[in-house]
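Worksheet: the structure to be examined is printed underneath.
Chain nomenclature is as follows: A, B, C and D, assigned in order of appearance, with residue numbering initiated at 1 for each chain independently.
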């Protein structure tokens, strides 16, 4: 009973992925955390979205151990656990193989900040973490993927509370947020940014990055003490 | 009561944006003006399209002051106000971040007039206004965006009654028309033109612009005293 | 009463265009001919697809004169009339501004025959007629468009009974067939061929044309005395 | 009666093709085999998906002879027969002209393994068989297409139980699997991989192939004795 709220939250967020066109078959997963209880609810592995229900969401602690549930959790569960354990401010995580964001990850390039759609949500290029080394791959792969993400943010001095989306090189995007719904929102925004950036370079292969004054202005419209977007 | 007609008009026009595939989440807004009353109805800021109703449309005067409504209007409201104040002939305005038009805006290029689909609606390339200077950005940004649009038309000697669509560089498209429904129509046409123009250049990177005789012929089929399109 | 059969046929074929994703708003039209009566039924100009009904289809003779109907026929009516008058074997014509086919038309390039999808329907590249000269544009434009199409086929010694689709340079595609349904089918096939051909060149800018033996084999599978496709 | 199970299986799998966006009109077919009975059920030729029913699936033996059914089977039937006869482990086959996979086939290029989406399903590039020689084309074409596929796998020392998808040069994709549903799943995966690979090269025309450690890791997550994906 005590996990029902995050099971419901994770279920609803997972069901948004196919509606938003972000997943084919089962190529994605969402989790929702309760920081006080120290656990998160996550999609079971390989179960089609049409067969999901809230009670099928698996409860896992921040070390990756199953706390409740009879199904095997998503194969990416340890990556989620590492992020929840080290990034205190987040309550939801999404992983997809959405088409355009994944293409940028496969191309191993950061997504340049070309316009205000990007700046409304981020003040920086979307970072693409380099592929991990072979030792880490052969070891505890999904656990190391969590550190691959964290290390990328540390090396670039990025703040995970400000930049809530990134690409794992050769692999695919991860996004997060204060809750699962915000993390799903970020996944859809990232896919849109990734698509526009590809077309922008095709239209003008010398397209300039957005200038600093516009980056600052647009981000502050939606974020921080002087924001004036929304109700 | 006296604003119900433009609230209804603005509501219906806003609801067309997701149906036409022109917006993700709340990335767009439509307004409908009553020139005699000197006000327009506009979408409230950050409210999902599924939650809109006619009475939620905010009434704003042409100086950007709220005349009626308890919700905060779109963050782009001042841009709408400036255009209504200076361009007497228009009754509706649309702003979206539609994918292909936004990519051209991010690429900071005018959309070349490549074919009759374009010429059925415009006699010129779709203008892309250069990004505004830093002083204007730091000042009254959305207000200045209105002048960025008007200045672009003045400098190029374009007639806003003839060319009803444009791109704000690094940002996204604006369109307008005699009423909100026409402005939405123009947004969808612009997105289609933008998509075709990208593909045209990919198929032939020396694709020629449409010749003058065809530009004139197609525009006159749909516009002016000798038009013979429609009923 | 005597035109009901072609009005019904034209109505049903027109309604397929939005379902197949081939038109935005009213950017397309279909006609269906009765060769014995010497007339065709065609979409009225500028009427949204949702508002169409069989009785609104306008009856026009092969010289372009209205035989029955209170609405103005499609602005492209004279082009249809010229084709019916000169190409005896056809019973339906479609004009759209479908995205990829129109991009090839704007690029003023024939669509190369790259694969069997193309060869299942045509033995040649899809021809793109060059834009007409200024005299013809200023004259009876839609009437001349019919001759632009016929002249292109004559100059290239193409058989309109074998190649049932083409591009008018700077403009958009026309297709035809034994009846309106077949002409609509050809429009969708052309759009698919046009899309695949763009991607083929993007994947390999030296992609070879299909070799003659395969062209012959695939066309004969579906056409001619030894065909063995279908029931 | 004794073929009902494979007719039902083939019917359901065929109906997935339009739902997954993999076919226009009738440009695809699925078969389902019963290895013990030595027959397969396959879509009838040229029948629209909307008109299909399980009893219309034609029963054919592994030499391509009709065992039961009054309709003509798919024109690609002999290709299916050859594959079932020579590749013992497969129970379902799919042929489509899906847009992106067909574009790679037309470009006559293997699809490079760029990321984990690809590696989750294959350890190699997706092979593209070269077009067959003119003698084979003029002979028993569909029968030879089966050998074109098998020869390609033999020459490259690929295992059809591991790589369940491929491209026939200038033509289009074929996929297979333990049953018809798995073969359809593979068709959708292939289309997604093909789309992402095109965009990957457009974003970075020197995009590196996935490194061996990641190929091995991701394939083993989903396949083999130590797999841990799914329930």
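We take it that contacts are C-beta pairs under 8 Å (C-beta built on N, C-alpha and C of every residue); 3 or more make two chains touch, one makes a residue touch a chain.
Which protein is which chain? UniProt says A, B, C, D = L-ribulose-5-phosphate 4-epimerase.
If you're wondering where the values come from, they're calculated on a predicted model, not measured in any experiment.
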item	value
Angle of the C-alpha superposing rotation, subunit C to subunit D, to the nearest 5 degrees	90
Chain copies touching (subunit A, subunit D) - same or different residues, decided at half shared	different
Maximum centroid distance from subunit A, chain identifier (CA atoms)	C
Intercentroid distance (Cα basis), subunit B paired with subunit A, Å	33
Of all residues in subunit B, the ones touching two or more other chains	201-202
Contact graph of the chains (line, ring, star, complete, other)	ring
Chain pairs in mutual contact under the definition given at the outset	A-B, A-D, B-C, C-D
In the complex, subunit B residues that touch subunit A	24-25, 27, 44-47, 71-72, 75, 97, 99-100, 102-109, 131, 134, 137-138, 141, 170-172, 198, 201-202
Subunit C contact footprint on subunit B (complex, rising order)	114-117, 185, 188-189, 192, 195-197, 199-204, 207-208, 210-211, 213-214, 217, 221, 228-231
